[in-house]
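First subunit A sits with subunit B, and in the next complex the same chain sits with subunit C.
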Partner chain A sequence: TAGNKIFHFGPCRISMSMTEIRSGFTAIKANIQARDPIRTLSILSHPHSLHKVKSSDRCCITYHLFNFYVDKVFKHCKTEDSYVNRKISSIANSFLSVKRRLGQCHEQNKCVCGQESAEKFKQILANYEGLNVISAAIKSLGELDILLDWME
Partner chain B sequence: EDALLPAPQNISILSINMKHFLTWSPVIVEGETVRYSVEFQGEYEREYANESWIPICECSLITATVCNITEDISATVAYNLRVRADVGASRSEWGTLKGFFNRITTSLTPPLMKVIADGYHLLVELEDMGPAFQFCVLYWKKGQESRMQQKVVKEVSSVVHLDTMEAGPDYCVKAQTYVETINRSSSFSQTQCVRAQGGRSMWL
Partner chain C sequence: SGELYCSLPNPRNVHFESINMKNVLHWSAPEGTGDGVLYKVKYSVYGVGKWIRKPECRNINRTWCDLSRETSDYEEQYYATVKAFLNGMCSDWMETTRFNPLTDTKIDPPMISVSSTEKSISIILTAPEKWNRSPEGEPISLLQVYPGLQYNVSVLNKKTKKRWFFSVSNNTLVVPWLEPGTAYCVSAQIYVTTPLLHSGFSKEYCIDTLKDKTA
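The block that comes next holds the complex of A and B.
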């Protein structure tokens, strides 16, 4: 089915149409990754993969990452390809819905941020800001499945 | 380009079972073929991408006055939609949908279903309504509504086996759809009843 997934981050419960997001990303993954010449660097996985994050920090990291993608990444990914732009819009609008729900959890103190998640997210931002903004945005978009796999 | 051409009017959405169509009234220009182009704008574009609009290429310079926007309405947020007309070098202003469209408002109709008694097996055939749809099927022995049973069908395969029937009583079935992404259900279909009769299928 359209594969709504319910994510339980402790008391924070988030419903997300994972299949729709994944199908939107799969449709443009090759196109986006072909625009990323720097294969030796990663935004999300350097120096440690997301899988090293403690479960107690998962909600906060997810919250930060959805804000990161909505606030910083998608807007710099516009391409000359109308089909790719439509799929990016689809993913961005889905991310916006989830970002809002995570924000509500955060406001209700159900998505607490510890030292480790702050450090981890700081590292991701440093990776991002180490590249020019378009390259960083395209690379981040190309790594979306790393985030989705980690969430699932 | 002069904008003497009137913008399309009566722009509205027809949304049934998560299939969404934008429709508008034709712009009439004697002896000319009027063509239309459609664009959409999600909440993300409004709030984070300078209120940018995204063209739907399948509905660029079309002569029809309807556009299937289902593929682009793929998040449960408020969307804006607009359409303009072109005749030769003339281009109209944009006509914009009054208010937003959110897929959460789609009309959900009861599913088409066919109940089959295959010998002693109670089967149901459900309409394939697309990946967004699940089904809740209720079935019971006639007269024993209090002992109604439920089966949730997440993937529509050809036929769903509900139960093994006893000979004699009627078995009744009804179904509704459920769309997870908008967390809504349709009303129930008409009830259909069948009865097992030895090896022969029996319709009532």
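The block that comes next holds the complex of A and C.
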């Protein structure tokens, strides 16, 4: 479909509706980020930035992050605004299909996880668990552009 | 910290205005305050703990502050905040929303150069450069920042008023099968698919195809 982008993670090739996800996030970015008053903590970008990930670890980190967003983030991001909720569920559905495809790559050993990616993801989880569930989920959702910028 | 009693109205509409990643903080004066208001500015990197003062924007009376140097790493995101002072009183610190230089900048149209033959015109497109920390340093094209950058090109036959649109990824375009001795006008726009960004169209550059020597 229009706006689909093919990501090549070594032997693993994933098609993603990037434009759709981006426009969905752009529509709710100000609303979601305004719900996150904590400036001094980040889930994805500090203390270790995603941008320092070796290319060989990209697939595994992406695989872990999509599982993280589907399993831990979207379900805790209910708001009182139905428009925002619809946008969140649309993004979640896109993430779900990518998560499945990454899972297939992982099962076929096309998305190998090394020590460094495990460490990196452990740090992200530690950042997440350092906050209460709702704050952590809203903060993670507000950082979706950090993930998308890194992927691209 | 020896803060004064802060009952001054707050600066309003504190926000970044960014063009080609030249990132300038803007705000409006507090309501109802005439001349004489001074301001302080601080900024912070999202996810990092501290607010950093901007010395060049301390006790200024203008309502903007260039933070391009401080926000030039577009892999980071930022906040900035402004405080107003007048006659011993002060306002609260008023913050921007989270600023992402990569997605929140505006892009200028491309530069165009055009040449012609009898039946074709050649168009060379140049993307604008990213704001540069040191003018002597190596310029960085926005093409390097946005690898998916494309150009939408419009070509108008001034005689027939017929217009064509082309979408190209590389920076040259040759438009063939044109009429000799005719004026054509070209304008172009930059288009980035993700993150979704586009410039306005450039002004028009007009050129005549050469006259048909055999006619």
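The definition used in the following text is that the second predicted complex is superposed on the first by the 151 of 152 C-alpha atoms of A that agree within 3 Å, B and C clash if a C-alpha of one lies under 4 Å from a C-alpha of the other, contacts with A are read in each partner's own complex, and residues count from 1 in each chain.
In the analysis below, a residue touches a chain if its C-beta (ideal position, glycine included) is under 8 Å from a C-beta of that chain, and two chains touch if they have at least 3 such contacts.
None of the values given here were measured: they were computed from a predicted structure.
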- prompt: Looking at the combined model built on subunit A, do subunit B and subunit C fit side by side or clash?
  reply: fit
Query: Where does A:Q33 make contact in the superposed view: on subunit B (first), on subunit C (second), on both, or on neither?
result: second
Partner chain(s) touched by A:T19 [first = subunit B, second = subunit C, both, neither]: both
Message: With both complexes superposed on chain A, which partner does A:S45 reach: first (subunit B), second (subunit C), both or neither?
response: second
Task: Please indicate which partner A:N4 is in contact with in the superposed arrangement: first for subunit B, second for subunit C, both, or neither.
output: first
Query: Who does A:S97 touch here: subunit B (first), subunit C (second), both, or neither?
result: first
- request: Kindly classify A:D71 by the partners it touches after superposition: subunit B alone (first), subunit C alone (second), both, or neither?
  value: first
Query: Counting only touches as set out at the top, which of subunit B and subunit C does A:D149 meet: first, second, both, neither?
result: second
Query: Should A:S89 be classified as contacting the first partner (subunit B), the second (subunit C), both, or neither?
result: first
- prompt: Once the shared chain is lined up, is A:C113 touching subunit B (first), subunit C (second), both, or neither of them?
  reply: neither
- prompt: Closest Cα approach between subunit B and subunit C after superposing, in Å?
  reply: 5
Intersection of subunit A interface sets (partners subunit B, subunit C): 3, 19
Residue ranges of subunit A touching subunit B (in the complex, touch as defined): 1-4, 15, 17, 19-20, 24, 70-71, 74-75, 82-83, 85-86, 89-90, 92-97
Field: Touching residues (chain side subunit A, partner subunit C) in the complex
entry: 3, 5, 18-19, 22-23, 26, 30, 33-34, 39-42, 45-46, 49, 51, 142, 145-146, 148-150, 152
Query: Can you list the subunit B residues touching subunit A in their complex?
result: 40, 42-45, 47-49, 54-57, 71-72, 74-77, 131-134, 154-155, 179-181, 183
Message: So in the complex, the part of subunit C that touches subunit A is made up of which residues?
response: 44, 46-50, 75-77, 79, 97-98, 100, 102-103, 148, 193-196
